[in-house]
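Chain nomenclature is as follows: A, B, C, D, E and F, assigned in order of appearance, with residue numbering initiated at 1 for each chain independently.
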Amino acid sequence: MHILLINPNSTASMTSQVLESAVRVAYPTTRITAVNPVDTPVSIEGGADEAMAVPAMLSEIRKGQAQGVDAYVIACFDDPGLHAAREIARGPVIGICQAAIQVAMTISRRFTVITTLPRSIPIIEDLVSAYGANHHCRNVRAINLPVLGLDEDPVEAERLLVMEIGKAKQEDRAEAIVLGCAGMSLLCDRLSAATGIPVIDGVTAAVKVAEALVGAGYKTSKVNGYDFPRVKSPSPVSSMEQVGNLA
Amino acid sequence: MHILLINPNSTASMTSQVLESAVRVAYPTTRITAVNPVDTPVSIEGGADEAMAVPAMLSEIRKGQAQGVDAYVIACFDDPGLHAAREIARGPVIGICQAAIQVAMTISRRFTVITTLPRSIPIIEDLVSAYGANHHCRNVRAINLPVLGLDEDPVEAERLLVMEIGKAKQEDRAEAIVLGCAGMSLLCDRLSAATGIPVIDGVTAAVKVAEALVGAGYKTSKVNGYDFPRVKSPSPVSSMEQVGNLA
Amino acid sequence: MHILLINPNSTASMTSQVLESAVRVAYPTTRITAVNPVDTPVSIEGGADEAMAVPAMLSEIRKGQAQGVDAYVIACFDDPGLHAAREIARGPVIGICQAAIQVAMTISRRFTVITTLPRSIPIIEDLVSAYGANHHCRNVRAINLPVLGLDEDPVEAERLLVMEIGKAKQEDRAEAIVLGCAGMSLLCDRLSAATGIPVIDGVTAAVKVAEALVGAGYKTSKVNGYDFPRVKSPSPVSSMEQVGNLA
Amino acid sequence: MHILLINPNSTASMTSQVLESAVRVAYPTTRITAVNPVDTPVSIEGGADEAMAVPAMLSEIRKGQAQGVDAYVIACFDDPGLHAAREIARGPVIGICQAAIQVAMTISRRFTVITTLPRSIPIIEDLVSAYGANHHCRNVRAINLPVLGLDEDPVEAERLLVMEIGKAKQEDRAEAIVLGCAGMSLLCDRLSAATGIPVIDGVTAAVKVAEALVGAGYKTSKVNGYDFPRVKSPSPVSSMEQVGNLA
Amino acid sequence: MHILLINPNSTASMTSQVLESAVRVAYPTTRITAVNPVDTPVSIEGGADEAMAVPAMLSEIRKGQAQGVDAYVIACFDDPGLHAAREIARGPVIGICQAAIQVAMTISRRFTVITTLPRSIPIIEDLVSAYGANHHCRNVRAINLPVLGLDEDPVEAERLLVMEIGKAKQEDRAEAIVLGCAGMSLLCDRLSAATGIPVIDGVTAAVKVAEALVGAGYKTSKVNGYDFPRVKSPSPVSSMEQVGNLA
Amino acid sequence: MHILLINPNSTASMTSQVLESAVRVAYPTTRITAVNPVDTPVSIEGGADEAMAVPAMLSEIRKGQAQGVDAYVIACFDDPGLHAAREIARGPVIGICQAAIQVAMTISRRFTVITTLPRSIPIIEDLVSAYGANHHCRNVRAINLPVLGLDEDPVEAERLLVMEIGKAKQEDRAEAIVLGCAGMSLLCDRLSAATGIPVIDGVTAAVKVAEALVGAGYKTSKVNGYDFPRVKSPSPVSSMEQVGNLA
């Protein structure tokens, strides 16, 4: 089984980290490849960053299709381009946010997500809602540290996360914590040990879910919504700017 | 890894079937044991049947705990006693309905559930809602065949299921089908082949999800909602009937 | 009219209390009998306790059916086995949580529930959601006292409840309070007097709703979802344990 | 106990009918008075009719307050002015739509509402949603007969209702029927007998709920949302029309 | 284009204010007339005030219809009688609450509403829900000042609003503020300047939306829900009071 | 006022059409420019097409920012990249789906959307849900014609649309129709005339809403969710592919 782990941003050190997280839990018979595009934002912090990263990410999936990849994991917690990716792929495509939420809904009754920057809170809330977890998700919190700050000062990142997990237990009555950024992946076990509450990392969750789905023989449905994009003849016309009212 | 597969009803032939489904997809390193209680209903068709089956099912989980079982699968689509089971178990407890729905939400945008008797439709709708899939589930349908009818006349069962899947594609625009009864498990591949749409069997889904969760090291959260039942000294009083107003 | 009040736990002093609450509000022409099983948990604190209490509770309902009982009240705020009970009974079955919530939605626009232990909070939240009161319920709070603690130290219980009601008024803008445990029943009037806000006890509410439904001639619908359990021939097979993969 | 039944439209024959329905189920110790204003629409078919009827209805409640009425029933299925009425009254105010829905959610898992004109369908759907019954209400149907048509041709009305109930059973899998107009009240038992499904009339339901709430001692909460309207000194200014832009 | 701005309360100074707000943003080619009835409450603070104001407001719309008005704005944040008004009018009828919420959902991801009295909070929450903004609205807050207090002490009103907006930014993570009372209209720009967050006044929003809808040629749909009220012959019977049970 | 209308696909004839629709309703003082990128799909039919079009669309918005554009309209019914666009723009960004839905919720109580291909149905349903119109939207239908088919055979397109609108009136009880593709824009008036029901074209709606928002002085909130993308130093590392497990 071959799983392609795509970090949609262009920071190779994050790609290494998510690969490390993945390899630690994968079956030895699972082949895992991790890639990142070059020309995408160095981190995904908001919808514009997402949008600029998705075409290159889809391109990695197309390459994966040619190489017989069995399943794909999108290693960014915003699950950027998830629906688009599923249209292109035959095998299952797992978003780390959706996988982490599914795990959280299975091992706890109520959970809290903790992410990096406050600007990602509404994005993650919208995902929580789209994945049907509104009722189970107590809160989406942020430690107010940029994504790359996790890498630059991991000690401070860990301190902030431990503090925020404490608040989630106390104020939200959270029963499990979902880490809201792929870059937090390697801290997962230490955070759980420090706080006494299950801490779920989406990369880990997604890789295991990917193995599970491939192992069961599931493929992305090509009936309607996730059907392959229609092949269309290119438009003959070049770029255009027209002016209507000349106010 | 040891997974305990519990068929909560007392029909041993169904236990054999779900075990067969489980073994076909499990990793060779996964040990799978399947059990069923003796004194529970022969099939689970409604809330009263569920209620009568749960204590014996919990008792199997308690035995499993003593034997070091790593995860549990409840092999009945009503997910009877799921929350109770999670209170008792340390490892993850997977309901086949929840697992199937999580798969359906990952490989399709819209799905339909097909179950046996119409009386189970509101029960399953309530589960769909509890698992956050209201928006993704197009419909819950029934073929109007009792659970044991699947075993007694598998040819007719298959014919009815193929017909109902056709309606689900046509009338519901379903993109995937979830089989709403553990007893349909072995028909899964044939139905998918016959209808050209992914068909998801909960037993298969749950066993793979169980492997995934154990493989990732996840355990049921013991913070609050799924904490072990409190140990209480038995009440000294015997049974009681009191009459208030003697109208 | 004969109403059977079932305390699903085995603590007879609680049965007496709920009976007292019931008799105080019932019409003199209403005959009220209160029972509790012997072999169930001494208090219901979580899903496992519920599950262990339901079969004996259903058995009381079957007896009630033979005796011509007109309606049933389940005197535990988790409404354990409510759907199952309705399948078995001809007359209406009233859960004290559902009845209290219906009253709260009629005499106020927003209410808060106050229960005993925090572990019951997600259970009650799920009931609130199932009964369609998500929008009207501001909060579910807990005084962090076990169920039997209400009986052991009623003075402390009352102090904690008054304090929590104060917070509900202030922080939640609650307009009414629902007491989230049958064991709080007799405190209801004192709490309301002390805090100046309507306080709703589920036992009282359920008994009056039961009288209302019987008085209007309503019976549980036997069309589909609450139809009587199907009568099934017992399975010929004894208990079974099978091992699939021997990892 | 004194219950005031207010028919907000000005058709006295409907007032007589709802009184008859009420008296049939009320306890002999319950005093029931039924009134209707004179200057309101002859039937309530839409929001404008509602709006024109509410002030006179509130005026009846104010009179009732002076006379020591214990509870109020608004005998129109749109529950017009329900929140306003609760601000004015001390005792509980019961809307027949809300009461019927609460009964339907107690004796069945899924119900369908059948009303007179299609234009009332969205109004009733909005009430169903406001009362938290979206998940339990299968459908809102209309027989396409004006409200007064029920009175003018009761035979045809009954025929249409029997037919529509048949469709609700077949197409909606309804387990109970809620009659969506006070004017259908007296047909209730015949419809249930003819169709074999519980049929719920809101007037009956509301009167019994009113008795129950008064019997339990519940009053409308005067904390915040349903507090009495503030007393304000009249504005000194007379009517005004101002023109801003004179385009 | 002729827009009729109706202040449903009888305080002419508020009518002047809302007209001033309207004129400041309207196109010069838009004719704006502002009216208020005489015999309605001096301010709308709750459902009873609303109910007493609506018939006179509908009467203004009927006059507007005769004068060829193109669109109507109801200048009270409770959107009283909005559905009724749309039944009567041919042109679009804009509620200032709905318009403000639509703007807030367009220029921000999450907003908070700030109104006058706490008693209006549940009313506004219900509107937020009816307009589909539950997920986007972080909170509904109140400064605990009566509506006419805005006029009597505008300095204090502004101070309270600035303070509450600060809390909304901090505690709710609001990204925009909706002013929950027509009487706050003229403070809008100053509040936005003082707090650095977009502040949306419903009168402004509604007037511009009204221009937009008329400019696009949209009229209120007369298919079903908003169809004109049916013309009915008046009931021959005069007022009626009947007594059923003489308890 | 300068509004930039962006057709995200590369088909210039569609750009001309949407410009024509826009100019017909815009104020003469509004300057409208319409553009389309060259290297995007010829039509947007699904998530992958969307993803490939968004970066070039954002680039047009960046150009617009430099040119002092006041508001932006995204002329594709999937509202692709709407959140991303709002992060980049200072002025309001209007999606034609959101604008059309807001209009539909203002002039009717229930509406149906009619789009081109069935594969877009779940996409549009998700938008309807995100915009809070689940309760108001009766159905999303498709005429099963590709986007460019509208241009190639407008007579057939019109015939199919008239037929589907008929079904929406009859089967969905729709009170207004929303056209679910920018390419249907010019058919709007003819469809409304032919079917007697308001038909809403998103381009028209969005242009008028854009004028309204600019006219009122609203800008996109830069507090949190729609703040400008953070400026980040480019990552020093080039592309990377790593292999973890070599199964």
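Keep in mind that, in the parts below, contacts are C-beta pairs under 8 Å (C-beta built on N, C-alpha and C of every residue); 3 or more make two chains touch, one makes a residue touch a chain.
Going by UniProt, the chains are A, B, C, D, E, F = Hydantoin racemase.
Worth saying up front: this structure is predicted, and the values here are computed from it rather than measured.
> Could you tell me the least number of steps, going only between chains that touch, from chain C (Hydantoin racemase) to chain E (Hydantoin racemase)?
Graph distance in the chain contact network comes out at 1.
> Listed by label, which chains are in contact with chain B (Hydantoin racemase) and with chain C (Hydantoin racemase)?
Joint contacts, listed by label: A, D.
> Does the chain E (Hydantoin racemase) and chain F (Hydantoin racemase) pair touch with the same residues on each side or with different residues, judged by whether over half of the numbers are shared?
same
> Compared with chain D (Hydantoin racemase), which chain's mean CA position is the farthest off?
A
> Farthest chain from chain E (Hydantoin racemase), going by mean C-alpha coordinates, please.
B
> Check D-F against C-D and say which one is joined by more contacting C-beta pairs.
C-D
> From the C-alpha centre of chain A (Hydantoin racemase) to that of chain F (Hydantoin racemase), how far is it in Å?
Once rounded, the distance between the two centres reads 26 Å.
> Using Cα averages as centroids, what's the distance between chain A (Hydantoin racemase) and chain D (Hydantoin racemase) in whole Å?
That gives a centre separation of 50 Å.
> Taking the mean of the CA coordinates per chain, how far is chain B (Hydantoin racemase) from chain D (Hydantoin racemase) in Å?
Here the centre of chain D (Hydantoin racemase) sits 42 Å away from the centre of chain B (Hydantoin racemase).
> For chain E (Hydantoin racemase), give me the residues that contact two or more of the other chains.
Where chain E (Hydantoin racemase) meets two or more other chains at a single residue, that happens at 27, 83, 86, 109-110, 118, 121-122, 126, 130, 135, 173, 175, 224-225.
> Name the touching chain pairs, would you?
So, checking each combination of chains, I get A-B, A-C, A-E, A-F, B-C, B-D, B-F, C-D, C-E, D-E, D-F, E-F as the touching pairs.
> Give every residue of chain D (Hydantoin racemase) touching chain B (Hydantoin racemase) within the complex, in rising order.
109-110, 135, 173, 175
> Any idea which chain B (Hydantoin racemase) residues touch chain D (Hydantoin racemase) in the complex?
Result: residues 118, 121-122, 125-126, 129 of chain B (Hydantoin racemase) touch chain D (Hydantoin racemase).
> How about chain D (Hydantoin racemase): which of its residues touch chain E (Hydantoin racemase) in the complex?
These residues of chain D (Hydantoin racemase) touch chain E (Hydantoin racemase): 1-2, 5, 9-13, 15-16, 19-20, 22-23, 26-38, 41-43, 45-52, 54-55, 58, 81, 83-84, 86-88, 118-119, 121-123, 126, 130, 146, 148, 224-225, 227, 229-230, 232-235, 237-247.
> Flag every residue of chain B (Hydantoin racemase) that touches chain A (Hydantoin racemase) in the complex, lowest number first.
The contact residues of chain B (Hydantoin racemase) facing chain A (Hydantoin racemase) are 25, 27, 83, 86, 92, 94, 98, 102-103, 105-110, 130-136, 169, 173-176, 189, 196-198, 200, 204-205, 208-209, 211-213, 215-221, 223-226.
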